[in-house]
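Shared chain: subunit A. Partners: subunit B in the first complex, subunit C in the second.
Showing the complex of A and B:
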């Protein structure tokens, strides 16, 4: 690992650049993923550092920053949870803030049930059980994404959208833990 | 102005001029160099017609350094001074090397206050040698081969590394290239290189798995191939698993066999160890097409080894090595969120995939026969050459783009010896993340940060990359400072770090202690000792290099102005041409320092222009799409 001799200001989350605008998409939750992918590839084809290997170092740096931004923006918009969170952040709402609205009781109960199943399967080294749980979580995530479609794009209900986004983020976290648990058992 | 467009060899050239660029597969067992000539990629051979250069370096009695086949011949007679498989030692400390007793080299820890830190050194006849220096000898040999074959100075090289190489191993490889006097255009992951060679050759589209079992490393990469874009979805592997380990299993088996027959339990000499390892490798290769291998040789004690290893016994002996490749495959599949039915094809790369039971294991896992219609030894070098040709600007790159990922998560040490992930594994490169820190004491002006790479939660289970000391934080009340540390992983997969105090806008200075890599001073020392040139030669070289840099940037900026000059107003244009003139004046002055400074100034002066051009490229890229879409 080497160090930058000079500090270059990298503008990432704080950028003025709107991710939707970058990919020439309407700012909404429901986006056409194939358009996103096609535009992402076009932008990378134009700005990737591989295109600037023989350019001046100012251009190399600029290419790296632009390609970095395109990657960050693409990853953010690609997945429903991060897309929802990003949309909220454009309205100055931080969905991950602890002090935000509390989860409804039924989801809290559901949440505990999922966690319990995860722990049981882990203790029993039950990979099939973990995979079954992952499938269940994916279905729940799918329903939530559909709900977010309505909340963002039809009803513009940002408060309810924040709740749904937090649920989706939670589900993603559990899915990650499931994968981690499967890996641990396999190793 | 017209004067500046005259191009000289090795300098920024007219667009039509073919630049000499090479791809190097720096392998554990063998290394290769390839290039693209008249649109065809070819592996370059030495004067004896050998394409493969054994990755073996011999330090001779008359201070000569011998590389390749001739070094291989010396292996049995002089194992201590004949280094093979040095790739396994790159960016590794003494502590990392598990089989020390069965490797016939004299390992030394670098002089350090902490024995677990620093890259291992080898004690040879030519003195203490770092794996970086030994690798540089292999690279130099390939560079010379390429220059002889292509008849000119090289513009640069793409060098391949295992996808699962960590930051220390990548940096060590780049340092070795620098020592060998090679300009590295890009470090390219081996499975990605293989995918390029295979994909372009077969017009492949869809999701492909590259299973790359080399001499010392194992990689699995899953790529999505579509219209010349090679997008890595996930990669995994084991940077200490390869064909060498299969040899070791046979070697240990031989020891077991002769221990039964020969009760004298004397430890083997370095020569005998080398001899039996060579015999083990030969037996492994023989068993690829035969049912049994006879291993006979005479040890220095006059004892004769005569044993027979059957293919079935070999499979049993190495079953768990093959099984060790399955877990990375499962992890990569899971990270890419793919099912077996999504996989269009599985490409085998690396000499070790010739073993029938390895092929069978891959077939069983993916439930389809792997693709073997390419030479597993050469495909990586060919892919690297294709990429080098594009990067050097010989081929319009519009039809080829590689989007690779970082193989391992990067994180920071937090309270209680835990690691907090900053950049997750399989992030598409280049990637950057910023993390904010604050002070915990009033008036605190420094803090230390420990950067780690790996997937585990505990600091002790991850690889330490570096420790940073941030200094120059303006004194403030505890918790008031906001120090933003930015981690950037570039297209080579290498990490760099910068820091800035946000509330006062002060740049914090960082001192780095790389955990395994060589520091800048050590590299400069090696460079100095490798060029035994007079002071005047050094000055001449510095001046020549400064001139090449200066001419290069002037030419690049002229092209940029021609293409996108409309993005600048008259004042901005004037400012840039003032700096160009200053650099031209400096060039006439023949002083490397002045040229260097004027080049840096010109660079800084064009940063805003470069950023504008990049924005323009983005809008142009998307404007082009409308036409495409209409046409579709």
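Showing the complex of A and C:
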């Protein structure tokens, strides 16, 4: 048991923190979510504090660090926007660089319209309107995820993938704000 | 995080919120966005025959600092030439509003919105001369 545990921690540490390798996944945008889930649970169970009750403090610390890393990696890979952003970062591209504020005009106009609808619905406490907006935005997010599939895994076009990732991050942010607004109205 | 008094003032009483006629040949529109925080900013300027900015309006969805940055620049823009407007630096905006380091990107957004609006009006004017 003790040996096995040591081996597990060592093998985890040696993946040099690549999130995809950590979960035995190919480094691509399209991933099998059930594989991700399965490997995540396996790691979490292997480094669970209960297994380290009698371990040295160094081992306890190492296990805790592995658990934190696995959690961060899982959260990053689970969602398309953060997975795309992470994939780009592996190619030294920062999709949300603060000095880059240029976005396609049609997308910004669309973004402004979504924000206006959100504000109007919030003012009118219109939950049905907010839910409709959320549906519309989920559809837009779905189309972008399909586009990212092609751009990353088929065409390896990282420049276009960066643009699409920025759009998806934008959309996720509005969706988050829609959910907040719905919760606020319901309270 | 505490906002400075100036940010709060602009946030609570934003100046020059609204739009101008985007089809007016003397109106330039600049739109920019910051995906990291989901901010989107629209800035419109109207230039008179003397080449001075006579009106500026903005519409910003974002945090208090982004709203304050765009509100402040609409005040600064009025009476300036478009070249003077183009020279406005985000550091001046950040300094005036006492923005903390994590909010500097809001002033970058405002500077880029000015540059985009100036580029738009220059393109419109070039088109007018060519016609």
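Here, the second predicted complex is superposed on the first by the 169 of 187 C-alpha atoms of A that agree within 3 Å, B and C clash if a C-alpha of one lies under 4 Å from a C-alpha of the other, contacts with A are read in each partner's own complex, and residues count from 1 in each chain.
Note that in this section a residue touches a chain if its C-beta (ideal position, glycine included) is under 8 Å from a C-beta of that chain, and two chains touch if they have at least 3 such contacts.
Please read all numbers here as calculations on a predicted model, not as lab measurements.
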Partner chain in contact with A:45 - subunit B first, subunit C second, else both or neither: first
Per-residue contact with subunit A, leading partner among subunit C and subunit B: B
Touching partner for A:169 - first (subunit B), second (subunit C), both, neither: second
Which superposed partner A:103 touches (first subunit B, second subunit C, both, neither): second
Touching partner for A:24 - first (subunit B), second (subunit C), both, neither: first
In the complex with subunit C, residue positions of subunit A that touch it: 95-96, 98-99, 101-103, 105, 107-109, 111-112, 115, 119, 166-167, 169-170, 173-174, 176-177
Subunit B partner contacts - residues on subunit A that touch it in the complex: 1-4, 7-10, 12-13, 22-24, 38-39, 41-51, 53-59, 61-68, 70-72, 74-75, 179, 182-183, 186-187
Subunit B residues within the subunit A interface of the complex: 12, 155-156, 167-168, 171, 185-186, 229, 327, 330-331, 334, 387, 390-393, 397-398, 401-403, 427-434, 451, 465-466, 486, 488, 490-491, 494-500, 507, 510, 512, 514, 517, 552-553, 556-557, 560, 603-604, 606-607, 609-611, 613-615, 617-618, 620-622, 624-625
Touch list for subunit C against partner subunit A, complex: 31-38, 40, 42, 59, 61, 104-105, 108-109, 112-113, 116
